[in-house]
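Two complexes, one shared chain (chain A), two partners (chain B, chain C).
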Partner chain A sequence: MMESKSFPGNVDSLDSLREYVGERAQQAGLAKKPTYALKLAVDEIATNIILYGYQEAGLEADFTVLSEITEQALIVILEDIAAPFDPLARELPDSGDLTKSLEDREIGGLGIYLTINGVDEFSYEYLNGKNRNKFVMKIAST
Partner chain B sequence: MAFQIESVVGEQVARLTLHGELDSLSARVFQTEIEKIANQPIEALVLDMEDLSFMSSAGLRVLIYSKQKIGPKLAIYIVKPQELIVDTLTKTGLQHSVTIVDQYPV
Partner chain C sequence: MKVTITDQDEITVVEVSGDIDSKTAPEFERNAKVAMDKSKHIVIDLTDVGFMSSAGLRVLLMVYRNIRSQEGKVVLVGVSEEIQDVMSTTGFINFFTIVEKPEDGVAFLKQD
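== the complex of A and B ==
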């Protein structure tokens, strides 16, 4: 059964968003490390939605977390009504960027890099006027 | 957990103790602390992270900002970071630009 919860589109929501994702991860029986990785991934994408999708565009709106626990996985979908934005379309830092010293670093792209690296599956679609960022964490079989 | 930060700024060393969760909201507080010390002749920035339980890329950006703002000679020490935060530093290659230690002075 899909569960749905909405949050106001500002950075004050991030704390309660992570707490909620943590609760769902616990219900799904995820271990500590994948739970942290999922919280981090959801936090990163939600931050982009809030800062760029909403605030930069002068849009005041909620975003919604849809989640479902199946036998195989915990599925989390972030839905927002900002302009279409595909996080996978931007260029990710490559190995050359990641070995640069701090003073030569460009600030950006790390959040999406951590997202994609942290979850088992990440996908994006724009559907019915909404951005849908989908995260899948597989549940280890016992 | 709410984010908290304490700063002790000496002649050459600035020591910041971070508690709670560092996300794009709390990173603003962290960055403000860095801005306060940016024009001082600091040689080492010591970040005590034992009680920091979460750090997003917003926190990483403040680390990058620190080095760029204070200068390339700045040594950044991260004291006792939790394992999952070390993972983030490692994945993003930032562990090469900071020194992870169990205590400071080392």
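== the complex of A and C ==
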């Protein structure tokens, strides 16, 4: 069953968002490391929504977390009503960028890189006027 | 998140507790700058930091560049396994000295 919870679109929500994702991860039986990776991924994408989708555009709105626990996976979807933004459309740092000295490197794209790297599946779609960022964490079979 | 700054001889210790995200990173950055104005030998104690997003990595990048430009040194203390994973994935880990205890950090900076 899909569970839905909304948060005000400002950075004060990040703390409670992570806590909520942590609760869902616990319900799904995710281990400590995948739980952290999922919290980080959701935090990074939510930060982009809040700072760029909403605040920079002068938009005051909520975003919604949809989540579902199946036998195989914990699925989390972030839904927002900001202008269409596909996190996968921008160029991500490659292995050359990530081995560069910290003095020389560009800092952009790290959040999205961590997101994609940390979850089992990440996808994006724009549907019915909403950005939908979807995160999937597989549940280890016992 | 809370940040405390203390001086130990020529070394400034920045102790952070709580989560570092895009809400709290500006406060972490402000304190790191204060510490670097005081001293070019900095210990950043992250023992009580359970979560750090890329907003925190940006602050560490700023610290690294600043310290390098004044030929100082920075040591990170008590970095959780999860945060070390993130630093490793992003290639940050090779540029920082990480120790377990604050006193190890101070000892490292006093070596030379």
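Assume the second predicted complex is superposed on the first by the 142 of 142 C-alpha atoms of A that agree within 3 Å, B and C clash if a C-alpha of one lies under 4 Å from a C-alpha of the other, contacts with A are read in each partner's own complex, and residues count from 1 in each chain.
What we mean here is this: contacts are C-beta pairs under 8 Å (C-beta built on N, C-alpha and C of every residue); 3 or more make two chains touch, one makes a residue touch a chain.
These numbers were taken from a predicted model, which means no experiment stands behind them.
Engineer: Determine, for the superposed arrangement built on chain A, whether chain B and chain C clash or fit.
Structural biologist: Verdict on chain A: clash between chain B and chain C.
Engineer: In the overlay, answer first, second, both or neither for which of chain B and chain C A:Y113 touches.
Structural biologist: It touches chain B and chain C both.
Engineer: Could you look at A:K130 and tell me whether it touches chain B, chain C, both or neither (first, second, both, neither)?
Structural biologist: Neither chain B nor chain C is touched by A:K130.
Engineer: Once the shared chain is lined up, is A:D12 touching chain B (first), chain C (second), both, or neither of them?
Structural biologist: The answer is both, since A:D12 touches chain B and chain C.
Engineer: Just chain B (first), just chain C (second), both, or neither: which does A:T99 touch?
Structural biologist: In the superposed model, A:T99 contacts both chain B and chain C.
Engineer: Considering only touches as defined above, state whether A:E44 meets chain B (first), chain C (second), both or neither.
Structural biologist: both
Engineer: Could you give the residue numbers on chain A that contact chain B in one complex and chain C in the other?
Structural biologist: Residues 11-12, 14-15, 18, 32-33, 36, 39-40, 43-44, 47, 50-51, 98-103, 107, 110-111, 113-114, 117 of chain A touch both chain B and chain C.
Engineer: For the complex, which residues does chain C have touching chain A?
Structural biologist: Residue positions touching the partner: 19, 21-23, 51, 53-55, 57-58, 61, 64-65, 68, 81-82, 85-86, 89-92, 95.
Engineer: Of all residues in chain A, which touch chain B in the complex?
Structural biologist: Contacts found on chain A: 11-12, 14-15, 18, 32-33, 36, 39-40, 43-44, 47, 50-51, 93, 98-103, 105, 107, 110-111, 113-114, 117.
Engineer: Which of the residues in chain A come into contact with chain C in the complex?
Structural biologist: 11-12, 14-15, 18, 32-33, 36, 39-40, 43-44, 47, 50-51, 98-103, 107, 110-111, 113-114, 117
Engineer: Which residues of chain B touch chain A in their complex?
Structural biologist: Its residues touching chain A are 2, 21, 23-25, 54, 56-58, 60-61, 63-65, 67-68, 72, 76, 84, 87-88, 91-94, 96-98.
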